[in-house]
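Several structures are given next for inspection.
You will see two complexes here that share chain A, one where it goes with chain B and one where it goes with chain C.
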Partner chain A sequence: MKLTVDERWDLIEKISKETVIFGVYKHTVKDAIGELTVKPLTGIPIAFAVLYGFWSFFGSFAGFFTDGFFVKLFDEHWLPWLQDVFPGGLGNWFYAIMVDAGHMENGILVASDNCFESFGVLTSGFFLAIGVVLPAIIAFYLILTLLEDTGYMPRLAVLIDTVLHKIGLHGFAIVPTILSLGCNVPAVTASRILETKKQRFIMMTLLAIFIPCGAQLGIMEEVIPDTIGFVLLYLFTGYFILGFILHKVLPGKSPEILIDVPPYQMPMLRDVAMKLWMRVKGFFKIAIPFVLLGCIIVNILYLANIIDWLANVLSPVLSGWFGVPKETVGPLIAAFLRKDLAVAQLSAIEMTKYQMITSVVLVSIYFPCVATFMMLLKEGWKDLLGSIAVLALVVFLYGGLLHLIWILLGVA
Partner chain B sequence: MNEKYNLGSVYFGILGVVALVCGIADLVVVAGGDSFSWGILEIPSDPFRGGWGGLIILFAGLFYLYSIKNFSEIHHFSKAVMGSILVWVIAGCDILAMITESIPGGEEGGWFNTLEGFLGTYAPPYAPAIFLLPFSLVIIYHLHKRGGTNADMEE
Partner chain C sequence: MKVLLMGHPNVGKSVVFNRLTGANVIISNYPGTTVDYTKGYMKVKGKDFTVIDVPGTFSLEAKDKAEEVAVKMLEEEKDAVVICVVDSSKIERGLYLTLEIIERGYPVILALNMWDIAQDKSIHIDAEKLENILGIPVIPTIAINGKGIKDLVSKIKDATPVETDKILEKVGGKE
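Here is the complex of A and B:
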């Protein structure tokens, strides 16, 4: 038996009438809340609250472990114990690299009394990796995972889409941006979700320059708790200014997006735990070797007087243009390996509050850490060279601009 | 049914005004620079908790006030739910901060806090969001009366 097209449609209608229950979808409170989080008028206040919760949880959780327990463990027990039992003693080069380089007071070399200043692989290296960075990273990835699994992230992408179009990106760019606040390495990979070469270049350049990673945020929370808000504001402002300029200057397209926004749902404990474990494990595979290697290299450079020589050579730029002490050259070198390590080193240098803000901003923007650098290289050496050229210009101008602001305010 | 919703709109109208006043007070105190204490109430002057947090409490108040226009209608009702969620975020963060402060012994103390120190952390004064918290929980009763949040089909 052969049916005509009309007969087929009639048959389909008949079957569907008998087998399918047609109903009216009743709008629920969950749907209505979903709409509220996407509309700018209501969605922006909600996004403000989510960010507040994010940051507040980050501070409380990381502070609980770092200030509450790890500072005490490392400064009062681990460091004195190592200073007692490690062979060599103060002044010995191997002891300096592994435990404590010490510092000069009235011409006498004295032992450090905390792990921020000792700068040994076994003291500062372990303290930074386990005592400071681990709680910060767990807190960050826990909240990020919860936001993803509840279904808030796609809504944030929709909400911020219009703003990100002004800088040549679209709503999906919020994913690498927020991931970058945890670690720049997966964020560079995540920038592949952007469709065009222009978008990917803008995204990678902005990530490499303006987004501090979770480890760095954790150390900043320890070193500059009162001014961290200003530093972040300055960095995020730079993110949009540079993005806008790159969007105007670079050729290429910035297409629209079509996002499937899932309904809100309760996150499942097993999924959250698994994602958190994978992310923290991935981060530590990258971070710990570089933190320890960073301690070794910086200590060797100090012992060989290369840091002092570089500090004198670069003094006109550092002190004259950026307005920071020439001693910041050491942390800037350490920042090639790990930016969290570099910020920790800054805390041991005597400087004013404003110089500290400028130094932290410089460490953040001046070069991606080596792990991010390798990821950028994987994406293509031409893009990497382009990013570095933009970066050099931005560091010089944006760092200098901050010094100019302090001069105008009369505090530099 | 209508009476229940009328009562709800009056309740959240009052709560909205109170939240709005608390939010504005938070912002005024931050602008002034010194924290404000009155009995068991304390308004922090730091830009994060007072400024950013105050702004969110102000938004919560606005959400409540927008909801009373037609409280029985689902889109307006959901604004009251959102207002409560904003209060829960701020109050929850304040409570979490208290918990994380109360357990460690501090710089001079031992590993853990003394019982006295532990209990002392939870003593007043409290920030405005903590006072708003119990009143904001009334939305759970309304959600329950409405029959939950899950989508369903009707023939």
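Here is the complex of A and C:
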């Protein structure tokens, strides 16, 4: 027999009257902390402190291992050793793909002296994946896991709710957004917790366009440490502007949320370790093959002169509209596969600080990497097509806007 | 035989799942961590069970895509035993979903999870009496440290479908 909603609640009341005793509730320290972190007056400063702490830890942890250890290991030992022992030598095509393509200086092909420039599978491929991205990803997921397991995330969701309503989402959208800063792939799946089609479309489009992943952030910390703040600010501003526009333009509902804020918990070491391990492993299953494959493909395209050809064809758009060197076409192709790879490649191209900012922004907002693309496709091809249409427009306008800003500032 | 783990978001279904199957699915302290189902396996006295960790849902009327996955899962697995995991400190709304599933004719076991948190909040539940009224196995558990999980496993075979009338009778019938 099926009951109506009222009958069911009625029955529950009777059952609970006979089986449950609700005692007097004592206010505990846990509750006090809970309230401090969720009430706006104290909660917002705490949230800023927590996020700033997150960012500092990310930067210093990753920097400590990358600069302090891996850069030296790869540039001073691994690269010279391979250049020494790998058969072929400079100019050989296989050597170029695997170890070092070299670069032209006054018409002479010279060997690279660091793993950002060499761009071989065994050199840059391994250096980027293990030396730069691995520490960044571990640092990111360690903090994220702690925030998740203590129960801080839903509190953050409550605090940011009002802001996210302005872009058609609600507080809980902070979960996919923060996950996306680690990797866009799980973030796309996490968007399912949003109730309406409209919300999911907005969320996935914003993630795909504006949120750089942890691997990319790690590389950015390495190659543009001075301007990364500006790049992120520009991207996050774009997230809100586009969200606001989509919210106004798209039909559909953006409902309120009722959210359970769970009590704070001490994270269990075993669970944290397990989750960190699974996430890092999951990430690398996606990342490593594409980083290595990306190195191979980009090298082949260079060797076959396809990139040079494309650079000349697209030169009016790249240098005319966006104001970046036409050589950025190489990284833009790599960005289809991996954004971290693309940013690393940018660092080897000669350009001004401002062109570099534009290029990094372009790599970030232009087309999701192939893994994210497949995830979006899994969630529905119609939405994906819509997202890509929005994306194309955003790249053109928002990327072009940056060029305009540089022109107005007189630094283009 | 199939066992579905169902319940509200953030009551610890995935923790129970990890305990039952020895698998490792991602768990967090916020609602909505599991948005897709995960399958795992366990053996009880030589019998093989497939355990499915279902995304959290407040009721059987889905409100988002993750809840749709949950409801669809239940409808597809007609012969499954359902372990209903509830947050003991919020038992009443947990019972709502439990009743909905019982009404649909599934054999249900009730896991009163987060038993420790309920006690911290001085909420006392008479599990035996509840078992008696509902006519299904009711087991207090603290999944995060494994308490009650063995009991839960041993009771799977005792689960049988219950008529809603019987439950109504036990508390004095319909008004």
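In the analysis below, the second predicted complex is superposed on the first by the 389 of 412 C-alpha atoms of A that agree within 3 Å, B and C clash if a C-alpha of one lies under 4 Å from a C-alpha of the other, contacts with A are read in each partner's own complex, and residues count from 1 in each chain.
Keep this in mind: a residue touches a chain if its C-beta (ideal position, glycine included) is under 8 Å from a C-beta of that chain, and two chains touch if they have at least 3 such contacts.
Source: prediction; values computed, not measured.
Mind working out whether A:K72 is in touch with chain B, chain C, both or neither, as first, second, both or neither?
It touches chain B, and chain C stays clear.
If you stack the two complexes on chain A, which partner ends up touching A:M1: first (chain B), second (chain C), both, or neither?
A:M1 contacts chain C only, not chain B.
Pick one for A:Y25: touches chain B only (first), chain C only (second), both, or neither.
In the superposed model, A:Y25 contacts both chain B and chain C.
Examine A:G63 and indicate which partner it touches, taking first as chain B and second as chain C; both and neither are also allowed.
The first partner, chain B, only.
If you stack the two complexes on chain A, which partner ends up touching A:I46: first (chain B), second (chain C), both, or neither?
A:I46 contacts chain B only, not chain C.
Looking at chain A, does chain C or chain B touch more of its residues?
The larger set of chain A residues in touch belongs to C.
Tell me which partner A:Q265 touches in the superposition: chain B (first), chain C (second), both or neither.
Second partner only.
Just to be sure I follow: which residues of chain A are touched by chain B in one complex and then by chain C in the other one?
Comparing the two interfaces on chain A, one with chain B and one with chain C, the shared residues are 21-26, 28, 263.
List the residues on chain A that touch chain C in their complex, please.
Touching chain C from chain A are residues 1-3, 7-16, 18-26, 28, 145, 148-151, 153-154, 157, 172, 175, 189-190, 192-195, 200, 259-260, 262-263, 265, 268, 271, 274-275, 278-279.
Which residues of chain B touch chain A once you look at their complex with the stated criterion?
That would be residues 47-48, 52-53, 55-56, 59, 62-63, 74-75, 77-79, 81-82, 85-86, 89-90, 92-93, 96-97, 100, 103-105, 107, 111, 143, 146, 149-155 of chain B.
Which residues, counting only chain C, touch chain A once they are in their complex?
Against chain A, the touching part of chain C is residues 8-10, 24, 26-33, 35-36, 63-66, 69, 91-92, 95-96, 99-100, 103-104, 117, 120-127, 129-130, 133-134, 144, 163-165, 167-168, 171-172, 174-175.
Going by the contact rule set out above, which residues of chain A touch chain B in the complex?
So the residues of chain A in touch with chain B come to 21-33, 35-36, 42, 45-46, 48-50, 52-53, 55-57, 59-61, 63-64, 67-69, 72, 229, 263.
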